[in-house]
Amino acid sequence: MGKHRVAVVGVGQTKHDSARNDVSIAGLLREAAQRALDDAEMTWKDIDAVVLGKAPDFFEGIMMPELYLAEALGATGKPMLRVHTAGSVGGSTGVVASSLVQGGIHERVLTVAFEKQSESEAMWALSLPIPFQPPLVAGAGGYFAPYIRSYIARSNAPSHIGSLVALKDRRNGLKNPYAHLHEHDITLESIQGSMMLWDPIRYAETCPSSDGACAMVLAGEKVADAAAKKPAWVHATAMRSEPGFFAGRDQVNPRGGQDCSADVYKQAGITNPRKEIDCAEVYVPFSWFEPMWMENLHFAEEGEGWKMTEEGATSMTGDLPVNCSGGVLCSNPIGASGMLRFAESAMQVRGAAGDHQVDGARLALGHAYGGASQFYSMWIVGADKP
Amino acid sequence: MAKPNPSDVEVLSAPLTIEYPFRRSTGPVLGAFFTGLREGVVIGVKRQDGSVLVPPSEYDPESAEALDDLVEVGQAGVVTAWSWVVKPRDKHPLDRPFAWALIKLDGADTGMLHVVDAGERSRMKTGMRVALQWADERVGHINDIVCFLPEG
Amino acid sequence: MGKIKALEGVEPVTMIDTPARLDYTFTAGRATSRFLKGLEQKKLLGERSAATGKVYLPPRGADPVAGVPTEEQVEVADYGVVTSFCVVNVKFYGQAMECPYVCALVVLDGADIATFGLIQEIPYEEVRPGLRVEAVWVDDSELGTTLENIKYFRPTGEPDAPAESYKEHV
Amino acid sequence: MRDVAVVSFAQSKHERALPGINEVEMLMPVVGQVRDQIGLDKNRVGFTCSGSTDYLAGQAFSFVMTLDGIGAWPPISESHVEMDAAWALYEAWVKLQMGEIDIAMVYGYSKTSPGDLPDVLTRQLDPYVYAPLWPDSISLAALQAQAVLDEGGTSEREWAEIAARSRASAKNNPNAQLTGDFDPEAILAEEYLVAPLRKHDCPPITDGAAAIILAADDAAREFSKRPAWIRGLEHRIDPQSLGVRNLTRVVSLEQAGEAAGVSKDKIDFAELHAPFTYQEVLAKRALGLSDEVSINPSGGALAANPMMAAGLVRIGEAADRIIAGEGDRAVASATQGACMQQNLVCVLEGE
């Protein structure tokens, strides 16, 4: 009865790219899932249930694709769930998969999230025509840019902060062999010289559109204790949603994100997140979201988040390294992006992050958000049992 | 000015079309199947127990093992299940009454879904033999098979 | 793989085209239809929630905070204040504007929520929060049940609104 | 397992088309009712989960819009499955098993009328080999029906009787869409739609919504004198490839029913999500239900089939009858995917 312990015992991801024309959709998922199984030293037979996540079905033009993908994911004869919570879905999928173990239902759950955006194109799939309304006049960046401008106005952040984040994440991405973008020659000047798409957002400060998948094997305590490789113990999970548009809504520092992070800290017994958490993988599709989320996630006081970026606190050598994997700014297979944040945080506390490993990381935050900054999913994973 | 919402509003509606030319990468196994269709052969894949899946699956539908042992199968076979479309829909492959059928090609162990151009329902029967009809121009697509026809 | 004769030496198929078209009938719903009918007469009809007293424009049928229908129709001004904006330098799917142009959040007088609108008749670098703007409508002969009735917003020439007056909208 | 029960169920009056309202306007009264009829303050709901799909109405992020209709403020703990809401109920039940919350709300809805449903459902199929042929959902069901006929043990007459019984039962269901007295002989005299199925063998196309409140332990007793306790809740999936499956059996439903313990005790009545008449025969066999078991007293999906909610409705209808004392043990099922690919089974008991 009550909550059972759960741990990540296997992690896998694809090489992310603008178009993975070498594989089918099933092939893309299998690349990640097989790696996760191999990492967990398990076979398809060992898995009790499968939880799949992805963003809108229109992206690939397949309605409820889990029905077709069940065979490739070894789900025949097993329970299979399909989660969709907008951009936060990769994280939510991980949370749902964890709950299957925490609720005492299963011992070994495979969870996979993906997007094969190249089957269509993001600009089409994200702005399907709606009668009586003019076409979206400015795209996704145009939607978020005014709120970023509000953030800058509220916090008096210097204008180069967005470029600093992009430089840091793109350089981190060079250490991640799976990252979509590997921009070896990137400099602060090249970022600042890139086109101002949606002032204050520059081209080099936006995420790419990627094909990719991520998978994890989640296991109960007995299985995790017996695992050959070090598990990442789940200390906390939470989801929060709020309506996207209502009178008086704070879209810069939404309450849903504040509440969600406060919830995971409470579950994990964390009172000083900046001090206690060793690193974080945070969903930053436009570079300015790093300082915004630092405040939303209670790592910095309101209006102070940009100082963490400026001081280098969020760099690999800072006191709270953020997005050592390169983050969403380097790879953005939308449905998988959230799970990549969760999986990368698990890799850190397992000491399995390779060249982008934070030395001695023992407690890490994974974060995803979606919609009009209205859907949140987060978890905290640790090297030690909770 | 403020007043209760009028209850008699005429609700507006408009056509909405969602259309996209999805272009899909096939991966090697499905790619071989489509290449075969273009070249005028039907290709299946062998499972570990030796049975043959047509169309080929990249992964075993039951054990999930990756499959890549491709084999050529016959171009005629047996109807294992079918339904009769009295009035074809606009998007159907044929514009006259026809059967949807699972067809187990010679050398295959599973049925492939396609259409049988049988003319009338009375010509359809479970267990009947049908033969594949190729399109004149083939590009490597499921539509390279126009239909199946009753044999004899 | 590769032991099949017909596949030897031929260019392999790696991509297939699977175009798909689905036709739907979109229904605007009651609240949106009421709003669109007003637009046809150059009226911006918001709706007030009895639960929170807030005026929503465009109304979407619900007060999202309470999850109850908005039941009272309120005419909102076609002028208001810019609360934030972005300067757009890139062309998007189906979009016909000359770059750069300004897309702004505008809180119309009488409404409690911002709407997105284009700002014109002012150099883009002069657009700022607090700027008072008014709607420029299409010719009466072109009015329809669509948001495209408002071509864009332009400055009214009034002094800027004090930051305090729109602070809950940023 | 923690004791979890259905304590409240509400649904819309199901209609062929509700062109006058959008999804939010359709859902809002149902969600209001499911809470209000047991006097539940929305702030006591610890977790909310919904089921819907973008493809039916042709709008991406449909579930984002409907969040406006449930009063998600202050921010709520919430999730969504792109599945029939019966699986949303499963996710909520799992959450309750974790022991941290006591009350969960589940809802599902769809407006199926805006599109051409049989065409839309072709988009669920393998996108390389099958979807490009546009095999519509009725044609595939008919293909399975023919396989079942070929195997024997059922007949078109039995299917006509199922259609007539379902729609006659639905006369007592104020929310049903297709009700009335039909003569099986007259049904059999009708032309085939896609042989061997006639129009009467098919579900109506429905716009509708449904919601359920789940509560655990003492919270369930607080809200209901006789909660409908969930004693088994399981789901399984079969391969999609029709050629790989034995179409005359629904293996995933057999597996889910076995795991849920359907046959452990006497079943008083069943609410089976069997949108096509012949599927009731398959579902009954898969769950091992005897002829004494009353099937679909609500009229079932043959009387109203709101996609993404119809499975949840089966659980709600069964729960309402348990709560009302009309039986002590019931089974409800949900299905989705071509030819019953994925199935969920819920065993409910009174006390």
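Going in written order, the chains are labelled A, B, C and D, and every chain counts its residues from 1.
By definition in this document, a residue touches a chain if its C-beta (ideal position, glycine included) is under 8 Å from a C-beta of that chain, and two chains touch if they have at least 3 such contacts.
Small disclaimer: the values here were computed from a predicted structure and weren't measured.
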Per Cα centroids, the chain farthest from chain D: C
Chain A and chain C, separation of their C-alpha mean positions in angstrom: 28
Distance between chain centroids, defined by C-alpha means - chain A, chain B (Å): 37
Interchain centroid distance [CA atoms averaged], chain B/chain C, Å: 42
Contacts with 2+ other chains: residues of chain A: 21-22, 24-25, 58, 60-61, 71, 76-77, 124, 128-132, 243-244, 246
Residues of chain C whose C-beta touches two or more other chains: 14-16, 18, 20, 22-32, 36, 60, 64-65, 145
Multi-chain contact sites of chain B, meaning residues that touch two or more partners: 11-18, 20, 22-26, 30, 34, 57, 61-62, 141
Pairwise touch network: line, ring, star, complete, or other: complete
In the complex with chain B, residue positions of chain D that touch it: 19-21, 58, 114, 118-119, 122, 127-130, 132-136, 139-147, 150, 191-197, 239, 241-244, 247
Residue ranges of chain B in contact with chain C within the complex: 1-6, 9-26, 28, 31-32, 34-36, 38-41, 43, 68-72, 140-141
List of chain B residues in touch with chain A within their complex: 12-18, 20, 22-27, 29-30, 57-66
List of chain C residues in touch with chain A within their complex: 14-15, 18, 20, 26, 28, 32, 36, 52, 54-56, 60, 63-65, 83-90, 92-95, 97, 100, 103-105, 112-113, 116, 118, 129, 145-148, 168-170
Touching residues (chain side chain A, partner chain D) in the complex: 1-3, 24-25, 56-58, 60-68, 70-71, 75-86, 92, 95-96, 99-100, 102-105, 125-126, 128, 130, 238-244, 246, 254-256, 259-260, 371, 374-376
